[in-house]
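Per-chain numbering from 1; labels A, B, C and D assigned in written order.
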Amino acid sequence: MKNRSMRPLSVIARTACDMYAWFMVAFGAYVIVHGDITPGGGFQGGAICATFLALMLVTQGSAYVSAWLNENFYKVCLFLGLFMFIGFGLMGLGWAMDGTLMLNWAAVAHDQLAEVKPWWPPSGTVALMDIAVGIEVTGGLSLILVTMFRAIRLGTVQEDGMGKETGHDQR
Amino acid sequence: MISANLPYFVVVVLFLIGLLGVLLETNMIKIGIAIDVMESAANMFLIVLGFREGGYIPVKFLMPAGTENFVLPTPQALTLTAIVIALATSALMLSLIVVLYRHYGTLDVREIRRLRG
Amino acid sequence: MKSVRTLFVIAAIVMGGALMGAVSSLHPFGVPSPEGCAVDEHYLNRAGVDLSCENVVTSIVFDYRGFDTIGESTVLFAALLSVMMLFRKGGRKQ
Amino acid sequence: MKLMNHLPALTLALPLLAAFATPLIAAVSAKARNRWVTCVSALVTLVVFALLHRVLVHGTQIYVMGAPSWNISLPSGFAIPVRIILEVDAFNALAACAAALAQLAGTIYGLKFVKKFTGLEFYSALFLLLTAGTMGMILTGDLFNFFVFLEISSVASFGLIAFWRDRPESVEASYKYMLVSQLAAQLVLIGLAFIYGRYGVLNMAAFSRAVQPDLISKVVLVFILVALGMKCGAFPMHMWMPDSYAEAPASVTVMLVATSQASLVVLCRFCFSLYGTAIGSAAVPWALIVMGCLSMFGGVSMAVVQHEVKRLMGYHSVSQVGYMLTAFGVGLLALGDAAAMNDYGLAAVSGGLYHMINYILYKGLLFLCAGALYYVAGSRDLDKMGGLARRMPVTSVLFLIAAAAISGLPPFNGFVSKWMIYESVYAVHPILMVVALVSSVLTLASFVKVYQTAFLGPERSQFAAVREVPKSMIAGMAVLAAAILVLSLFPSWTVNTLVRPAAEALVDKASYGAAVMGGAL
């Protein structure tokens, strides 16, 4: 079998990207958190965060990343984001079913801003769902990257246990 | 007339390029690219529809002093949704192409023809 | 095969002609009709007042059309599941 | 009962939430996963039937996503809806019921059918997502929301068709379906961008109020018709249909049938409720009729030469879709002419609609029976089967019921709907009825051949060890068979209480708009 793994780049590129990738994550988090006041939002920020893994794969090579990476972290991100998102939506229904699905139950009207606590997100579920979607997209895109990347490294049909799931045919 | 509506015609041309690519290309990757071009045409069409002369991005407190109106926000929201959908389907299409290549050893759609008759 | 390709080209040209005609009768670029942006004006006027949300696009994505966004993250989830299913490990169980 | 107000939203939220949770529950154990998906799909069926009951009793239901109250469709002092609205009338609800039965049958059947393969956590979750996408396509009242749900159901079905990913044909069928449905989705997106640019609305009811018979509306209609015609498998672009129906696991094929019918539901919605008389020419109805006749005859003539059971049934699906397209085309022809509408138009629409419901039920049952044959015989080839009736009596009886229903034999529901279609299309042109009758006869001949080859005839030695399929697979088939029998035993009740209100709701453009936009025009 040919060596299908990606080779790492030179040490300069690796060191630079090591530092740069973390700034990327920080920038993505910034975009996610400030989604309701500045341009950007959950999807854009999540996509920026997911480039972290793409950068790592390109610069560090596959062997390093697959040894170091814990996929479960991204799975937790994915499901946490999804459940937060649909959970905020369902919370709009309220206990007595007075609202509707996706009701913005936490929003504060602009003229009442002075009455709420400073930590309360004034745009309500817009800000909360922004964060939820940001987490979900980070996890989802990274997992797609990792899965497709692993698939490239898989061999031909017979290797790696593939080649057996062809339905109920008895040949 | 033509020059004022130029963005619309660019969208039409882009859409036709994508459509002809899907219909005429034989390489699977190129067909995928053609579908992405069509998606870009649709997204660009939405954005172009939402442009207003002298408008600013629809974020209130970043608005400079001289401007008075915003571009339309709905097409931007729709485009955002459509882009993520396009991304998801592109990823799935590439995965299908990987599996097909593994089975058939070719990227040519004319040779992937077991389902006939 | 050749005739099929010609047919495709003709169909695409017909479709392009229809599209050209349709876009010519749209509103001129940059000047949407006032009734055409009534809904957008509503968003622009109300988002900052009702929701205290400065970014109108985000307020549409997550509030006014929030159900679309659930669908959108579901598409991402579905694509992820499909990709993982295509490249799943292991063959048939015993 | 405040819960009852939220039924439209619950129909969509339940399968979505359940699909998100399925991979987590599957990590616990396989048994927990099976119980979970069965409970959820039973619950979804229950909710949809409650919705149908509510719609039939209280009239059209709307549900406004994110408004302070579920029925405030317009913000104060504003004439256009700004939020996503689900609009459920009798037509929607009836189609959703058929889809719900299909997903219940598919879920129960699939428990055993795919048991010996890996990746079942993905399979279960994607199946629920396919359910959610189909329900969303049927129930939504918003154009862009329809596009989103179209994509959900498409993406989920790409994955599910390629479930047996080591079989090259499956992946190929999935890729083919993906090309067709991506093309269709982009056409839909361009079409609704035109609607947005011209009228500034994305709500279906608001659009039906605003629509004018001008060039843009016609181009949009052509785009939508082409796109949804592709998705429901009408003749010129039917190639994906036999492929993907044959290559998907049988439990998924049932749901794919319902999904393609959801496209047809929205196609009817566009033609009748949204455009109505604003179509402005007879070209669109006649295009539908011609497309329908070509599908009817072309599909069945390609089906009779097939040797693979599910592939044969896939070509029959093309033919059956032709019946509905013809009927809806005839109904569209009569639109705007009160005398013609009373004379044959409403009968045609009812016939097409009833046929759509019947089609989902009996076609699903046929695919499940074909899957059962494949499960026990280990082969898709009809020539290698024979004498299975004695080995699997229940399956053979169920197959007989479905085959009689699809061929339009008198006591069964297929007969009633086909009869309504024959009568109404005769009023337009006798040749249409001749085409429909010939296709029906050929369908009967084809299924007699299948039954005779697979179930009758001499017993083959290699099938000596064959047993009846497991109980859960029988239960899945029995769901659909029971529905067919109920519809067959009470034909007049069905037509009068279910189908006729649905057809009237479909052709009544004014009341569709009024449910959201208020009574004043």
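Descriptive notes on the structure:
Everything that follows uses one rule, which is that contacts are C-beta pairs under 8 Å (C-beta built on N, C-alpha and C of every residue); 3 or more make two chains touch, one makes a residue touch a chain.
Quantities reported herein were computed from a predicted structural model and do not represent experimental measurements.
Across A-C and B-D, it is A-C that has more C-beta pairs touching.
In whole angstrom, the spacing between the mean C-alpha positions of chain A and chain C is 21.
Note: centroid distance chain B to chain D, computed from Cα atoms, is 28 Å.
Rounded to whole angstrom, the centroid-to-centroid distance between chain C and chain D, based on C-alpha atoms, equals 24 Å. Centroid to centroid, with C-alpha atoms defining each point, chain B and chain C lie 9 Å apart. Counting only residues that touch two or more partner chains, chain A has 37-39, 41, 43, 82, 86, 89, 101-102, 104, 137, 144, 148, 151, 157, 162-165.
Listed for chain D are residues 16, 20, 23, 65-66, 117-119, 144, 148, 151, 155, 158-159, 162, 165-166, 171, 190, 197, 202, each touching two or more other chains. Of all residues in chain B, those touching 2 or more other chains are 15, 19, 49, 59, 61, 74, 78, 80-81, 84-85, 88-89, 91-92, 95-96, 99, 103, listed in ascending order. Chain contact topology: the protein chains form a complete graph, every chain touching every other one.
Across the complex, chain C meets chain B through its residues 5, 8-9, 11-12, 15-16, 19-20, 23-24, 26, 28-32, 37, 39-40, 43-44, 48, 54-57, 60-61, 65, 68-69, 71-73, 75-76, 78-80, 82-83, 86-87. Of all residues in chain A, only 79, 82-83, 86, 89-90, 92-93, 96-104, 157, 162-170 touch chain D in the complex they form.
Within the complex formed with chain D, the residues of chain C that make contact are 18-19, 21-22, 25-27, 32-33, 35-40, 42-43, 46, 63-68, 70-72, 74-75, 77-79, 81-82, 84-86, 88-93.
Those residues of chain D whose C-beta lies close enough to touch chain C in the complex are 16, 19-20, 23, 65-66, 75, 78-80, 82-84, 116-119, 122-123, 125-126, 129, 132, 136, 144-145, 148-149, 151-152, 155-156, 158-159, 162-163, 165-166, 171, 190, 194, 197-202, 214-216, 219-220, 222.
The residues of chain D lying in touch with chain B in their complex are 144, 147-148, 151, 154-155, 158-159, 162, 165, 168-169, 171-176, 178-179, 182-183, 186, 189-190, 193, 196-197, 202, 243, 247.
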